[in-house]
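Got a structure for you, written out below as structure tokens; questions coming shortly.
When the chains are written out, they are named A, B, C and D in that same order, and each has its own residue count from 1.
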Amino acid sequence: MILPPNLSVELAPNHKQGLPLRNPVLTASGTFGYGTEYAALADCQRLGAIICKGTTLEPREGNPQPRLHETAAGLLNSIGLQNIGVRAVVAEKARIWAGWQVPVLVNIAGETVDEFARLAETLDGVPGVAGVEVNISCPNVDAGYVAFGARPETAAAVTRAVVQATDLPVMVKLSPNAPDVVEVARAVEAAGAHSLSLINTILGMAIDLRRRRPVFARATAGLSGPAVKPIALRLVYEVAQAVRVPVVGIGGIATTEDALEFLMAGATAVQVGTASFANPRAAADVVDGLAAFLLREGLQDIHDIIGVALPGRVPEGGLT
Amino acid sequence: MIQARFPIVARDELAPGTVLLRLRAPALARAARAGQFVHVRCGDSHDPLLRRPISLHRVGVAGADRGGLQPDEVALLLQVVGRGSAWLAQRRLGDELDVLGPLGRGFRPEPKAGHLLLVGGGLGVAPLVMLADEAVRAGLAVTLAMGTRTAAGVFPARLLPEEVEYAVATEDGSLGQKGLVTDLLPALLPWSDQVFACGPWPMLRALRRLLQLTPAKRAQVSLEERMGCGVGVCYGCVVETRHGRRRVCHDGPVFNLDDVVL
Amino acid sequence: MILPPNLSVELAPNHKQGLPLRNPVLTASGTFGYGTEYAALADCQRLGAIICKGTTLEPREGNPQPRLHETAAGLLNSIGLQNIGVRAVVAEKARIWAGWQVPVLVNIAGETVDEFARLAETLDGVPGVAGVEVNISCPNVDAGYVAFGARPETAAAVTRAVVQATDLPVMVKLSPNAPDVVEVARAVEAAGAHSLSLINTILGMAIDLRRRRPVFARATAGLSGPAVKPIALRLVYEVAQAVRVPVVGIGGIATTEDALEFLMAGATAVQVGTASFANPRAAADVVDGLAAFLLREGLQDIHDIIGVALPGRVPEGGLT
Amino acid sequence: MIQARFPIVARDELAPGTVLLRLRAPALARAARAGQFVHVRCGDSHDPLLRRPISLHRVGVAGADRGGLQPDEVALLLQVVGRGSAWLAQRRLGDELDVLGPLGRGFRPEPKAGHLLLVGGGLGVAPLVMLADEAVRAGLAVTLAMGTRTAAGVFPARLLPEEVEYAVATEDGSLGQKGLVTDLLPALLPWSDQVFACGPWPMLRALRRLLQLTPAKRAQVSLEERMGCGVGVCYGCVVETRHGRRRVCHDGPVFNLDDVVL
């Protein structure tokens, strides 16, 4: 009898309850709303977890148009964290999530360390909220935000404040725009993060030839999508070697093959972002694809491939 | 909302760069309402990356002639403006399109409206034809006013239900009245109970100015914005409304004209 | 009478002879060989300049296979500077270039500051060599190389040595992998560079799923192509605001529209790289396209668009 | 070397996933030599980004039957292995391919060679057929040995010039001799003056071992490597040779077997 392969992973081994997921496929913040919008179409309940839109203390209107610009295999966005605010998340969304099988993590963004702490506090103990992802890296809002993710000290300060403010598992999301991502990762781990996710969008730009001006009012915007995958993969590979907490890979993941690359490069789980826009079932397809891959390769457990491509690891069954 | 691949069963070039596609898409045809749209993949690769929003132009209904559409068919009216629309326009019979839809909130005629005035600027006529189809079937009176630059861009009268009163304006005077579509409205507005419009922003602004003179007339407009997801998750497609920034794909594309900050 | 628009630019205004080019379209090092290979096909003589393959003191065999890996709208390469060495360049290639209309710059890469200086010295006064481009940023060779481009001090040291060793105009090519590219740019300018070019490839990675190992022996490789364009454009925009010497934009340029974006973002010229592989005429097409654009917009001079999208510049005739 | 778009004038599916395309490409047909290749764009977008190298399989010549090829036509034999080849195989009659070529150094029969032995592993047969065409036309004797996994992959005998002696091996024995193509060689080598081979590395290694027993026989092999530019500028496609790392696209694809480090 062939047992179905085990896809489950633990994203907060150092947390008292842990954050066990049925499979390592999450949806990335800002690309899957509150999980409710796609619910009819993609079977969200089968995913490892859903991460909701970046949430601030007060509702935000975000940036003016234009907010999106397509590039070759990529997307520049300057949404500016438009969201309904944490109170509405607790009152309207968490209530729905509480009835779901799939865990939902709330992505939080503050302008000060204290705001991060208050966000975490507000979410603490709310039924339907399985954890927080701390966005210290959104490039589309004013200086305060991006600065946290850029330097190890500020990133650590935010992490410490959030971990102290909540009993929930804390995933910290890193910015690829930091001068030294690995240093930030180490600092965030030392400050108590239960897991790290990366990457957020990469600073990019486009010019509107007709107006002869940057497309975006803020000039720069955040690049995501398949275009960034090689860069994201390199950063995950570097960070996975530098920390012991689970690393969640993000950046251009659209297919099972993409997800496998991140897992082999040391990610314990992955998030599917921009790819959902072209294929709302992308994340669910990856869940199926990972199971099929393990079966085909005669592997029992997703951990058999996690990190196999890291230096010094001998790939079991891999053809070398 | 469904996502599926539907085959192209007819393809008609109405004018250079304007293509009418018919898809056999039963599930879509059943669910679709006038004013909604579909989000269509343009290629099999990551470039272009995003789907493109296209209005539902018509759906076939048994026993009703809708420009020759068979039941279970859905029609899209396309204008080539860039890579995505060019790719779509180049598809051939039998090719399948990857379609996500129907999406958004469509037109909502008021129950007491007996005479609808539809105002289309250029390809803005696309979703209005479906509204005309439905209104005629419901026994309402329909006037469609359409304006374009030149005769080639005018939606063919032969494709409209014959019950529809059709008024045309072209900027160069090559067909119908010379001028803008909004020049047609003073004569048409008095007879209408409700107005539905789709077209460029200047047209919508002109419409609002006209309506300010007859404040009782209510108007709904279908708006366009660049889209990412098409389903309300990315907040890429917002427009300014009196209630804040709203998503065209989810809260629209049809809005009350009064609510929109033009 | 409509005069043909003036496309000519000066890439070394602070140099005694200067480096005047007929138009602002160059080919990027490593993607156009020695100019001879494409000569039959693309009319090289019409280009602004050609930059030859990265050249070292001794011939190099480069890295083992695999050397190339295609990604979404991008290319990872790990060539490892295979080249014929500077002596062969002088003896075999410069002789050909000397008969050409189009100026050729030699891209040089050394393992020590002294090697850079000796390369520059060797090329000094060689007929057919119009200038040097100093590659302080190749990510595919051992530590020594990449380190120069990563820090302002080392980048400045290389620049100073090269400027002292030759009378040729010196363009310094920056790495996008430096923690602070703008700081490096400022340091290189202060050290005497006549112009700056950016970007070289971005560190990226891919995993070979069959072997369960990084595709490349060195694990990471350099990402180029349309995928990186938004990132390159953002860096050019930032550097152009920080320095006074001409900036040459590189990264994913495949069409006239791409080139226009870089010029408007502050680049005085552009280099076409990976795009030549798909379309060997890409650079020549951009020359034609720029002329056509100026004509269509009623502009006389390419300088009318250079930098128009920078902050504080009012776009002349641009619709705002 | 030219770069141009050439129309597909015939398309034939020889086996599932194996497609024979004929292009009308006069300029290419005139310049091409056996063993050279073309670099073909696979799509209009940036994804996939790179061209794909495909051997020249045949060129039409007035007065010679080359599998039905008209003069001015060029044939490519494709096997679908990934996205690029799948895109190529899906093209239809009348579609144009963006082709760069002819590229590389082809096969170089020695002037005194009277009997050529061609050895093809799988799709490695593609460039050998053009060599067979040319050799037959020059009055040389030609033996073609081909091996594949199963009968479906065997190049159809009816498409070869009838002067060619054709020997086939399949791994499953479904056609010809059961075994590998190299198992056929001991019987064929003695009669040949020069050997030309194209196929997977293990086949080339086996060939070298066989030739070491008869050192007088010279062999040329056509090699494959991932390509970027296809014209020698990027140094992406190098193979190890006794003279250092050499570019398959520029110094090859045909190398002397003795020079190659296998």
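What we mean here is this: a contact is a pair of C-beta atoms (placed from the backbone, for glycine too) under 8 Å apart; a residue touches a chain by one contact, two chains touch by 3 or more.
These numbers come from a predicted model, not from an experiment.
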| item | value |
| --- | --- |
| Intersection of contact partners for chain B and chain C | A, D |
| For chain C and chain D, chains touching each | A, B |
| Between chain C and chain A, distance of the C-alpha-averaged centres to the nearest whole Å | 35 |
| Computed distance of Cα centres, chain D from chain A, in Å | 47 |
| Length of the line joining the C-alpha centres of chain B and chain D, rounded to whole Å | 53 |
| Residue numbers of chain D (touch at least two other chains) | 45-48 |
| Touching two or more other chains - residues of chain A | 71-74, 225-227 |
| Arrangement of touching chains [line / ring / star / complete / other] | complete |
| Chain D partner contacts - residues on chain A that touch it in the complex | 72-73, 226 |
| Chain A residues touching chain C - in the complex, by the definition given at the top | 71-74, 76, 179-180, 202-207, 209-214, 219-221, 223, 225-231, 233-234, 237, 252, 257, 260-261, 264-265, 305, 308-309, 311, 315, 318-320 |
| Chain D - residues contacting chain A, complex | 45-47 |
| Residue numbers on chain C that touch chain D, as the complex places them | 30-33, 37-38, 40-41, 53, 61-62, 65-75, 77, 79, 82-83, 225-227, 254, 274, 276-281 |
| Chain A-touching residues of chain B, taken from the complex the two chains share | 1-3, 41, 45-51, 100, 225-239, 244-245, 250 |
